[in-house]
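This is the structure, below, for whatever I ask next.
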């Protein structure tokens, strides 16, 4: 997923980086096709160039050698709400048919089955980033028809479309999973499968979603990770296998 | 408001004893960086009760306060063990404690930052573009809206947060509480200005003349500070840029410690109730850990303040 | 928005030529400190017209732009020659110019600061406790009120200010426009974030590695900057802490120069139209003045960014 | 006036300092009875210890050796509106019977006889400082019955009393002039003469106001400036006689 997520980034873009796979993806992109990627962390580090894989979103390695440190009030008001962030990365326990994301609770809000961490900056990233890339492994439980709680608004939902709500950003335009890539179909905002990883069958992948996942008429070609990408992930960026696990990806 | 100058130096025990009361609305801020665990442990030792704990990320520090029975309510925006997993004492108090559940008041990061901004500015609310399309306002009726008098747009609002007391950790301060911070600022300045009382904890107390030689580094002015505590390693297992690194191993260990209520109780007995203060706590951790975490030197250059 | 990295270095003449247009809403900020006279003089030389000039204190810099016929409107909060007297070109355009008076839009300092805050945050308004009991809202209908959704209180509001272009002067910057400032900050950060285009003028261009060695000094991130101009002494007769002192003598001289329209025209001919740029202007002022104003060294100590 | 104004300050107070006589008064107080006076300038200098008399409110000497430099957004929002300022100093071209101050225009706002600098921070200082000290020479023209324009609200006026307007600070509680001191009478908020300088006659002084200025039943004793105060003003703080003029005070 880290390699696919890295491919979503273009050189020179301003990216709001979350911890975990998004962070790994950003640093992989910086080491390969996007050396001028501008990493901004909600903790306040701007133009970070971490020389170790940050364990937390506020790792001291994000500050050392960065271009600027901003108070969080500036990060949320001037950078994010100010429209300066081009790409936001989000994960979530549940992503639904319209890209709404739940990172708050499984079950009822007041009497939850599982209490998740909550929004953090996710709600406002989903609203303000010019586009959002979501990273999450595909499974029926994680991709239900409708999420238990909308932490971060997607493309359409019970409160309306992004347009009717006046949300500034384009929302979750790419969902990178461990089997393929989902993207909103033109018009409805419903997610459809637009690409599958090499060796996987689109029809098998689509059954992993919790709703009848549509498949795009033409699938994007997706190449396997290059040797260099795998080397960077395994031997440089995530030596301790904090995020890539033992499978490599 | 505190006297602008003159020494406010005291021990952590005195500072907590004098300025933190049962039932207080308390904020110990610091976003990953400069989280004052030393103050939290002293609060646990002094057995404060019914606190309303406010923080963007409750982190291990509030998990410990909750486990020790100090908390009545939590005001927060992201409750996890960053990069590791869950805050299990907190989760138990929500998921498995139907009789006397911890009250929750939940925002996003921006929302809670905005509450501190409003509090610091003595405004009753803060406007923002947020929450449209989200279930958060349904879960928290304090998230409201206001209509812009110019454009007619409906904007989200959060109410001011004005805690009774803030604990602010800084790298260095003078005896009056003028405090300098570099590295991540988090929302420490806003939390301090928003609060009625401020306890300033520093890794190091410096002469006023050293502080005055670089006034742009000062984040917190002494005029809003009530107590100054010198507490080296006071932020461990969090970190202080230029002093010591984050103890990521302890954050990982906490996953197992906090999962098991008995193990957590044993940990509190040993590392909080069982020590008199921070220096004993650090001694218990052992010199190897201290040495491993001590920051290597990477000094910035000075700039010219002449005219 | 500008490209986040890569060199944006150009001459002042190119920067003004490319990014300042007739009819623009323009802000050249800097509160006493770091006022970019070099940019204003280039705007005069390039004969921009119908500008809406925004600044807390119009100061000599806008008195000169007004005298040169560049301005249509002034948005301001304190229009004097600080510590000396009046801005006479500005006063003439108000008091003695009934046919084509300069439009005025007037706030208090707080009000105009708040307009930049709203602009930077992309909010349509900013709330504040201000103006009650004052005639300012009667003089400026853009000062309105909003009702707090929590307390029912009526608070004052000002609308966002989003200039077309901002000129920001800094002590030093890298070629991408990441800029470091110490001494007085004024409202430069807010003005920069509020504006569509940003021209960053620095006393000195430094290597990115030098800037990265002290990231907490960075006030303006390069991602919002369109042009970077290296212009030593570009703020004279204002000052740059650590580089040169304020030329208070010139502020006093301006009282007499500006009182007399002919003398003012002669001054503009000699010091603005008559020079190609800042280095010729400084040469004209003479080496004695430069030497007298050069800052003496008073270096701060570095801090540790290691971990 | 500088000496009288200095006497209005108590040691350890947090003072919002304006340029000119207020600045001189604050530095005189710091050099005499109030060494711990905390000087805050609207330019952002906090705890300034200028080693020369600042010509402007943003003089570099205010920064060098200060305790902190704050962005102006913080100065106005967190310090002033936040209620952290105990004393504010104001001047003005006109001060009226109820302490309203005009520093905007003489005559009509749209077609002024004299265009003055305007509010600067005066309006919000008058509203938020816990108390305000006004410094201005007494004359019928400067102390009219009603000001031409209320830049900074006083104790009472056409919009109501401070209480009815909900203004946080106490307003202009002391008006230091070149002949005596005015203060609001209890209740009405109307200014009355509460002290005259040595050698001056209360009845003569009260006629200098543009309205029938009441005289307090008991006048405060006012001592002449000490030798030390005069020495500090003339030979240390204002060597160039920028503010004290040739008369000494």
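Every chain is named by a letter (A, B, C and D) in the order it is written, and numbering of its residues begins at 1.
Assume contacts are C-beta pairs under 8 Å (C-beta built on N, C-alpha and C of every residue); 3 or more make two chains touch, one makes a residue touch a chain.
A quick note: this is a predicted structure, and the numbers were derived from the prediction, not measured.
Novice: Can you tell me the least number of steps between subunit A and subunit C, where a step is a move to a chain it touches?
Specialist: The distance in steps between these two chains is 1.
Novice: Determine the set of chains touching subunit B that also touch subunit D.
Specialist: C
Novice: When the C-alpha atoms of subunit C and subunit D are each averaged to a single point, how far apart are the two points in Å?
Specialist: For subunit C versus subunit D, the centre distance works out to 28 Å.
Novice: If you average the CA atoms of subunit B and of subunit C, how far apart do the two points sit, in angstrom?
Specialist: The computed centroid separation for subunit B versus subunit C comes out at 37 Å.
Novice: For subunit A and subunit D, what's the span in angstrom between their mean Cα positions?
Specialist: About 57 Å separates the centre of subunit A from that of subunit D.
Novice: Spell out, as numbers or ranges, the residues of subunit B touching 2 or more other chains.
Specialist: 122-123, 128-129, 153, 182-183, 189-190, 213, 216, 239, 241, 245-246, 295, 298, 305-307
Novice: Going by the contact rule already set, what residues in subunit D reach two or more other chains?
Specialist: Answer for subunit D, listing residues that touch two or more other chains: 45, 60, 63-64, 69-70, 77, 81.
Novice: What are all the touching pairs of chains?
Specialist: Every touching chain pair, ordered by label, is A-B, A-C, B-C, B-D, C-D.
Novice: Would you pull the subunit B residues touching subunit A in the complex into a rising list?
Specialist: 31-33, 56-57, 76-80, 82-83, 86, 90-91, 94-95, 98, 106-110, 113-114, 116-117, 128-136, 139, 153, 182-187, 189-190, 239, 241, 245-246, 248, 251, 295, 298
Novice: Could you please specify the touching residues of subunit A with respect to subunit B in the complex?
Specialist: Counting only subunit A, the residues touching subunit B are 19-20, 42-45, 55-60, 62-64, 69-73, 76-77, 80-81, 100, 104, 109, 111-124, 126-128, 149-154, 157, 159-160, 162, 165-168, 242.
Novice: Could you list, by residue number, the parts of subunit C that touch subunit A in their complex?
Specialist: Touching subunit A: residues 1, 3-6, 120-123, 178, 189-190, 193, 208, 211-213, 215-216, 218, 221-224, 305-307 of subunit C.
Novice: Name, in rising order, each residue of subunit C that touches subunit B in their complex.
Specialist: 122-129, 144-151, 153, 155, 157, 159, 171, 180, 182-183, 210, 213-214, 216-217, 239, 241-246, 295-307
Novice: Help me check something: in the complex, which residues belonging to subunit D touch subunit B?
Specialist: Result: residues 12-14, 36, 38, 45-47, 49, 60-61, 63-70, 74, 77-78, 81-84 of subunit D touch subunit B.
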